[in-house]
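Just below is one structure, and these are the notes that go with it.
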Amino acid sequence: MRLDLARRWEGLILVLLVGVVVWASLGVDGFANGSNISFLLLDTTEIALMALTMTLVIIAAEIDLSVASTLGLSCAVLGRLWNAGLPIEAIMPICLLVGAACGAFNGLLVTRLGLPSLAVTIGTFALFRGLAYVMLGDQAVADLPPAYTGLATASFGPVPVATALVAVLAGVAAVVLHATGTGRSIFALGSNVEAAFFAGVRVKRIKLWLFVASGVMASLASLVYTFRYASARADNGVGLELAVVAAVLLGGVSIFGGRGTLPGVLMAVLLLGVVRNALILADVANEVLNFVTGLLLVASVLAPNVGAVWRRRTSPQVEGKSAS
Amino acid sequence: MTATATRTEAVRRGGGRRLVDRVARVRELGIVVALGVLFGVTGAVNPSFLTYASIRDILLNSAIVAMLAVGQTLVVVTRNVDLSVSSVVGLSAFGGALILADHPGVPVAVVVAGCVLLGALCGAVNGLLVGAAKVPALVATLGTLYAFRGIDYAWAGGRQVNAADMPEGFLSLGTRSVLGVPLLALTALVVLVVVGWMLGNLRSGRELYAIGSNPEAAVLAGIRVRRRIVAAFVANGALAGLAGVMWAARFGTVDATVATGKELDVVAAVVVGGVAIFGGSGTVYGAALGALLLSGITSALAVLRVDALAQTAINGALLLAAIALDRILALRVAAALRRRRFHDAT
Amino acid sequence: MNETPVLSLSQVSKAFGAVRAVREVSLELFPGEVHALAGENGAGKSTLVKILSGVHRPDSGRILLDGAPVEFGGPADAQRAGVAVIYQEPTLFPDLSVMENIFMGRQPRRRLGIDRRAMRASTAELFGRLGVHLDPDQPARGLSIADQQLVEIAKALSRQARVLVMDEPTAALSGTEVARLFGVARALRSQGCALLFISHRLEEIFELCRRVTVLRDGTYVASDLIADITPDDLVRRMVGRELDALFPKQETSRGEVALKVDRLTREGVFTDVSFEVRRGEIVALAGLVGAGRSEVARAVFGIDRWDAGSVEVDGERLRPASPTAAMAAGLALVPEDRRQQGLVMDLSIERNIGLAGLAAVRRGPLISRPAERERARDWAVRLRMKFGRLTDPVNVLSGGNQQKVVLAKWLARRPSVLIVDEPTRGIDVATKAEVHRLLSELAGGGVAVLMISSELPEVLGMADRVLVMHEGRLVAEIPRADATEESVMAAATGRSVA
Amino acid sequence: GTTKSDVAQQSSASATAAASSAAADPNAPVKQGLKIAFLPKQVNNPYFTIADGGGAAAAKEFGGEAKEVGPSEASASSQVSYINTLIQQKQDAIVISANDPNAVVPALTRARAAGIKVVSYDSDTAPAGRHVFVNQAGAEDLGRTEVQLLAEQIGHKGKIAVLSATPNATNQNTWIDFMKDELKKPEYKDMELVKVAYGNDEDQKSFTETQGLLRSYPDLAGIISPTTVGIAAAARYLSDSPYKGKVKLTGLGTPNQLKKFVKDGTIEAFELWNPADLGYLASYAAAALASGQITGAEGEKFKAGKLGEYTIGAKGEVLLGKPTVFNKENVDKFDF
């Protein structure tokens, strides 16, 4: 039943995606050409990267609202070190370490002190962004090496290099989530921590590593972001966290944990990207764009639910999550 | 049998001890301590922080968020959340300001009532999505966060309403004081006390906690879950609507971006105030204290001449410190109570 | 007694997808009578209860109240009609106080708001009738499963209903509490209340009820006066065949000490608990509800931290507070609260069974789904589980079948020390015999078994040795030969000191 | 590895190569039906709404079509996706106010490669990104005159503070640098800049920051807020506090926003250019580029309708003119 539901959800997103692509190709000038597709894919890179780990984190019934701030901090570190004259090849691993440290900080507060991750990451959302300002202040570092800025926007045919990176990492994440013991454990602990703990799942350890992975992924996204825009600033990526969470939820991941699939999330990221691109091309005003994004989010959940509610009419039945 | 008997009797021994237990169990204790520390330290460094004018400013600043936090608590205790409040505030602030500017004849009271109604309407949309159509609250309200803001933008179309366009009688609502207490803070306080009392002492209030604590059991207990959830969202929307007009009165300049991003502040206040994000427990008093703490931190940083670039970071660090402190206190108290029970029993 | 039934079901059916849980069953509840409902796990008893309480709407058939057809649109309707229900699984609000749990939605009111004092007094009065010693202001979170059950009973009583439906109210209770509950039930009966009672303990049915209805595979089998049948008849009706001995205890030779618990203390919960379990031995841990038995098991398995003492498995000291270490040492714990601690309700049967033994079905870093399914199927068959597909989520299983999933999860690990906390709670007679045989087979194969049970016959029938706890201390150790109902109860209530 | 100095060498080498353009024909007629897209920092921002309105009015005059597109929040990344779609739509010119002067350059470079002319206005991009920058006022001019305005009001004496937008705002930071420079002059020896606070161009934050400034420096003599959001918030705080009239406030603001405070004595004088004229001029500059009248080289001239003739200065900059100072006497004459 659960699987059916998940499949139905993914099917729905897929149908929507195909529908929007067909509509846009036929009805929107400039949509269906190589360079636009390439922009479109490139534009979703950072969100896609962060959505990969966010999916795992939310399935584990936690949340990481600090991803965009981690991205900002990592950008700031990159800019600062670049200004200090370090070679970029040395800076990039340092950035990833910074991301890991941010994630570990979140993870330790959540697992060691038992604080709710929503509260913790609202705090680190401000803290990391603030550290980024402290690190780089009001400077914008723009003289980044063309070899890298070029790579970030380069593409094989219509497929950007960055998208290939997303694809590889998505493959890894999907295998971890859907085919390994760790993945099983993530679903189990997201659904019922206590039972998972009783079954010997190392709840704290897994959660800690999920947050670390989320941090690393955010800093990886920061590298793509910085090179893509050829600009390292402390306010890079402000507000991306909501876009990431929205994509993950649209992809059918349950905010209460224990449910969701990676393919669903990836399709949702793509769907949001395509809709945005097509609407902007069609000169739809920004306010309508926001409205449509919101509507899409609600409608995607509403559609299967309305059916379920209707069915429930004929047979009342208790449902909902059991007490925790 | 006798084991449990001695246990309860032991607890009953000595009313004084029981009182201490009660106080120690109050969830809001940690946050009160944090507030004390904040005001104490800041006041010691810069006594002007504790002057009447300064306290008045802090109260004014926190009033709106506190009111939103009170409304949010109603929703959060039912194991839901309303992220769209900031957009509702924006919509209501702009709507109210626009009417006042374009139709100076409309009485202020009517405008305020209209804004509350508008908010309630938005709340009803959320409530129906969550309660009736079973869309998870976070998804539904993230959606309406975008949607309501979209309506706001479309309505405003780049227009800004300035203080000069609004009647003095309205703007003074945002600044006037009654017996030395700002009217805004007073309104928030009244809302706080009324909602707090209702949550604690009405069947419907207690049912909200029951729903959040165990939704499945709430249905079995015959609680009309759907109706209660819709009501919680409507009430929260109405408060957001009220907060919206208050915003317009207080800040005078209103455009379509009002209160953008405030939802995180409100959720932060609620969480810092000890309201469990997965429902079932927490009080509006805690949430209001949380709002006070957050705006207290912001004001303190400005007063302490903290470097502007470092402010965001310190703000975040203090927020984390506050919730960590609260948590550690709670753990200590729980451990102490367990030990005490043990020593009483033996 | 020959009046019209207060509440009756006429030819009701209910299906969940392909599973036809209840098929054309009729049932009549008369005032002043306790009616038993019996059947194997998954026979449809709880489904019937949920039809009576308005949770499920029957696909066909009618519900009659005082002879007139009614429709229950939801639990609220049934409550208004005077039906109170104790569900099989506790339905408490963990964040609210015990008294609020009891009176939720019906809190006594004053002129302004809720009258807490009156609520507290009524709660104390109810608890007095049931002999419960809980603080009305204490939150429901953290109550043992037995205490939760008692609160549920108090809640149902407080409704002063015309019909009281009790779905396995005694499964988590020990003798004393059951006796109290029966006292209250008899009092209600004499006041003209109609009661429906479900239990897998046959002796309880024979003690309390006047009439019994048996279900098998969702269909109605028979309705008899208790006076007219014997326990064997009842079992035959339920199972459809003769049953083997309930406690097939085989004598085994004892090996070395496998589990050694030394002066284990967790402040506020239990003190100075020391005992050993040898290979091939079944040791029962008896005591009253709240004596601290489950807490000892949790600490030994590493769920809770202990303050002093040590635990050794096969001579190796266990790292405290680590279930993973305990599992690596060969320990397994079947917890008492299957819904919260034993199962991940949203996950499928096979994944639940696989969860504790992921290492066993791994091929390289990946999980082998065929291996996982094979293992699950193997154990599902061995435990005679009743289910649709292995990929169904466990929350659609009947209570007893859920319990079997928990057992399967741990047995599949082939532990060397097995701790089972109320292993047969909610399990039907046939399966209970199965579980008992299994436990004794495991012991025969050299596994050390520590069994916590509130069911005295089970303790006496299965155990090589009985340890008795009272108020967080181990007060007696009684060898099989000396273990009688009297000696165990005496120790458990603290009347004799070992 | 790749270090900063490697890159510096490479880019200086390529910069010289990039300076190439076709010759301008000053007498070419303005093409009809030019498609000009305004890409402000943020849509629905009243300031840009006015500016882009001016641009649209200009387009109407010369027979082109102007539209305004853009993100609803002022972030660099979202502008880039708009540039990309404008390229797909084959616009003739893009008029942009950059949120991040560098982040938009790669996208703008692609736009230029596709034959689209780029004019920056209000907030410049890095020079590689555009042909012409229409500057509302010389940064130096603005920075210095604001200090002069305030100095007059406080009698060249006392502590002063700046309430800026975000810590990264390019315009504001340049102005503040010139303010600091101006303050070094001997006539300001009794004035001290004690703090630069940031209101992030958010109303409430600016409000709280003003509070904080006065709480921590009770003897403050004046505040400069070179941002329309900041000055309005600060004015509102002051008008309702005991500091009203005592602490002087000046900066950049729109007359409509501040009329009330000029009249009630909170503000003596403030300044601003006319945003509609800024958009108007940018629109003409775009048309001139797209029609081949100019290429963006220093010394070229073009006509901008009612505003008259403009000459391109160094680094491709066109200066709108001196800002207007608003005070009690003239504030009622303006409506924007």
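Worth pointing out:
Each chain gets a letter, A, B, C and D, in the order it is written, and its residues are counted from 1.
By definition in this document, a residue touches a chain if its C-beta (ideal position, glycine included) is under 8 Å from a C-beta of that chain, and two chains touch if they have at least 3 such contacts.
These figures come from a predicted structure and were not determined experimentally.
Compared with chain C, the chain whose C-alpha mean position is the greatest distance off is D.
Chain geometry summary: the mean Cα position of chain C and that of chain D are 73 Å apart.
Centre-to-centre, using mean CA coordinates, chain B is 38 Å away from chain D.
Centre-to-centre separation of chain A and chain D, using mean CA positions: 35 Å. Chain A has residues 133, 137-138, 239, 285-287, 290, 318, 322-324 in contact with two or more other chains. Residues of chain D in contact with two or more other chains: 43-44, 72-73, 167. The set of chain C residues that touch two or more partner chains comprises 55, 74, 92-94. Which chains touch which is summed up as A-B, A-C, A-D, B-C, B-D.
On the side of chain D, the complex with chain B involves touching residues 43-46, 48-49, 72-73, 167, 195-198, 203-204, 207-209, 211-213, 215-216, 218, 229, 232-233, 236, 240-242, 256-257, 259-261. Residue ranges on chain A touching chain D, taken from their complex, read 29-31, 33, 35-36, 39, 43, 82-83, 85-90, 133, 137-140, 142-149, 153, 225, 228-231, 233-239, 276-277, 280-281, 283, 285-287, 290. Every residue of chain D that touches chain A in the complex is listed here, in rising order: 1-8, 10-11, 43-44, 67, 69-73, 75-77, 80-82, 84-85, 87-90, 100-106, 126, 166-170, 173. Across the complex, chain A meets chain C through its residues 1-3, 175, 179-181, 183-185, 187-188, 191-192, 194-202, 258-259, 314-318, 322-324. Only residues 65, 109, 113-116, 118-120, 122-131, 133-134, 137-138, 239, 242, 245-246, 249-250, 254-256, 285-298, 301-302, 305-306, 308-309, 318-324 of chain A touch chain B when the two sit together in their complex.
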